[in-house]
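Next come two complexes built around chain A: one with chain B, the other with chain C.
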Partner chain A sequence: MAHQAHAYHMVDPSPWPLTGAIAALLMTSGLAIWFHFHSTTLMTLGLILLLLTMYQWWRDIIREGTFQGHHTPPVQKGLRYGMILFITSEVFFFLGFFWAFYHSSLAPTPELGGCWPPTGITPLDPFEVPLLNTAVLLASGVTVTWAHHSIMEGERKQAIQSLALTILLGLYFTALQAMEYYEAPFTIADGVYGSTFFVATGFHGLHVIIGSSFLAVCLLRQIQYHFTSEHHFGFEAAAWYWHFVDVVWLFLYVSIYWWGS
Partner chain B sequence: MAEDIQQKLEKYRTAPFDARFPNQNQTRNCWQNYLDYHRCQKALDAKGVDTAPCDWYKRVYKSLCPLSWIEKWDTQREDGTFPGKI
Partner chain C sequence: MFRHLRTLQQVSRRTLSSSAPRQLENKVPLKQKLFQEDNGMPVHLKGGTTDALLYRATMALTVFGCGYVLYALIDAALPKKKD
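This part shows the complex of A and B:
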């Protein structure tokens, strides 16, 4: 019987990269078809394929790591690098939208009235719901850290409680933002103010939803005894992502909500 | 610099260098003088004083601004949709 003479993980052939690529193709071309021919079939198909790909690919990673022991320390190190690099790329993604915001708000054009907020825009009061949202996300940063320590200390019940609380706070943020979006006196179509506001906060909200989902998967895994006090990288990755989402919010709050009002 | 505004207006050829707007893009120069003229008019009218000093700003913006901008802004002021604060 042949054994590997190294600690690395030579992954078995998998169809999910291909299905993922096909999903990307179907979603992008589907988007174009939707724009020009009013049909959402292709895009929906792509979306379903994407969801199936994500579910099965990540399920396989959990099988390989948690159940088959392939995630040795060097393998875990590689996964850490991967998550850090991914989050870094997301930082640059948001940096672009902050650039756009500052470009337009630091030198407001005559069309806007030469002022920021532009003439006719009533910005949201930064000390109302946005401040509550800040408190909610900061609190969720505390609870996710509590969850991490609970996992490291083998406190199963506390880990489950604090992780669940983190997710609830994330959902509370999402609900509050949804209400703010509904009640806002301006829309995405209201000039560059609307564009910068809703694109930046909108992508942030999407990342909150993604982060909450990632944490929810971790909660399910914690309940099913996947994590040990020494080895719980999936949780750590989710926690890093969650902190990143929190930090982006802080920048959004200070720049767009507070300074921008 | 004891010239009065009348002498300055008589000597006027074109918009002088304004250190507030040193670069090639003079949009803000045009915009600021357009605003300053109309603000000056409004303020001096309210006090019941002769608005002749305001004409300096008018000369400057007339020199600098594209005619289409002036027409657009004048129309906006009439319609009540001018975005600037006068």
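This part shows the complex of A and C:
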């Protein structure tokens, strides 16, 4: 089938960039329509289209790599660059929210009482659930590394177990954080403290969910023999993303939970 | 996808039991044969009928969505006469 005289991947024409772009249009316009006219139909349609696009686009990439053999070493190098650049862009995304936090907390205005935490805010105890969350994510970093070594050494059963454990730890973090959100004595509407806390930790939580989902897909692929001991870039990308999520949490914990209390 | 979840359940059970497990069959060579068949099909349709159905559903939603968003935005932009 390959009639090419080079090691690069000329992809087949695909409809998913178009459907993805339309999904983005529908979600953004839908957001505006929801805000002004209280209807969520457009936004929901956009969300469904986004999910369909993601499923089919990434399914196609798996087909191209694992089943058609298009992911040669130069192609894989490009994929590595791509994932690293994407994670770097996400680092900058979070840097913005940390900037906002430090801007408000290093020089608290008189309206806040001239102090941080602001007057009237009871911050969460950093040595209770937040510390447990830190331990959970650090442990998940260990288990994902265990999974990687298992894959490289051809230890199928161990790879499945350690990857499953990583995902469970991720879900445990999410559940604990959801409980914390519910029980918190302050809300997102409680001034700049509430805003910086919930926007920064909220986006982090979303990334934990994304990372857990990515790892779950890797688990299904590992079970189905997609990964070899030499070639398992999908898993490596998921592991990189997971370590990034872990590091962001460490910064959040030290800055907002600990120093910020 | 749910078949795979069920398989995961079975594999986990077998993996965690102490008896020698019957391994899940490696279907990758079969898939490789299917997706390397020289039939000129693009990768997003090469899997068979399900691919085509999912593609049509997605495209239908895309086209409908385009129309709907234009209608919703134009309607939102026009001033409404109050009675």
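Keep in mind that, in the parts below, the second predicted complex is superposed on the first by the 259 of 261 C-alpha atoms of A that agree within 3 Å, B and C clash if a C-alpha of one lies under 4 Å from a C-alpha of the other, contacts with A are read in each partner's own complex, and residues count from 1 in each chain.
Here, a contact is a pair of C-beta atoms (placed from the backbone, for glycine too) under 8 Å apart; a residue touches a chain by one contact, two chains touch by 3 or more.
Because the structure is predicted, anything quoted here is derived from the model rather than measured.
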Which of the two partners, first being chain B and second being chain C, lies in contact with A:Phe37: first, second, both, or neither?
second
After the superposition on A, what does A:Ala100 contact: first (chain B), second (chain C), both or neither?
neither
Have a look and say if chain B or chain C is in touch with more residues of chain A.
C
Mind working out whether A:Leu131 is in touch with chain B, chain C, both or neither, as first, second, both or neither?
neither
Is A:Gly113 contacted by the first partner chain B, the second partner chain C, both or neither?
first
Check whether A:Phe67 is in contact with chain B, with chain C, with both or with neither, and answer first, second, both or neither.
second
After lining up the shared chain so the two structures overlap, which partner does A:Val75 touch, if you call chain B first and chain C second: first, second, both or neither?
neither
On chain A, the footprints of chain B and chain C overlap at residues none
Within the complex, chain C is touched by chain A residues 1, 11-16, 18-19, 22-23, 25-26, 29-30, 32-33, 36-37, 41-42, 45-46, 48-49, 52-53, 56, 60, 63-64, 66-69, 157, 160-161, 164, 219-220, 223-226
Contact set on chain C toward chain A in their complex:
4, 7-8, 11-12, 15, 24, 26-28, 31-32, 34-38, 42-44, 46-47, 54-55, 57-59, 61-62, 64-66, 68-69, 72-73, 76
Of chain B, residues touching chain A in the complex:
27-28, 31, 35, 69, 73, 83-85
Residues of chain A touching chain B in their complex?
109-115, 118-120
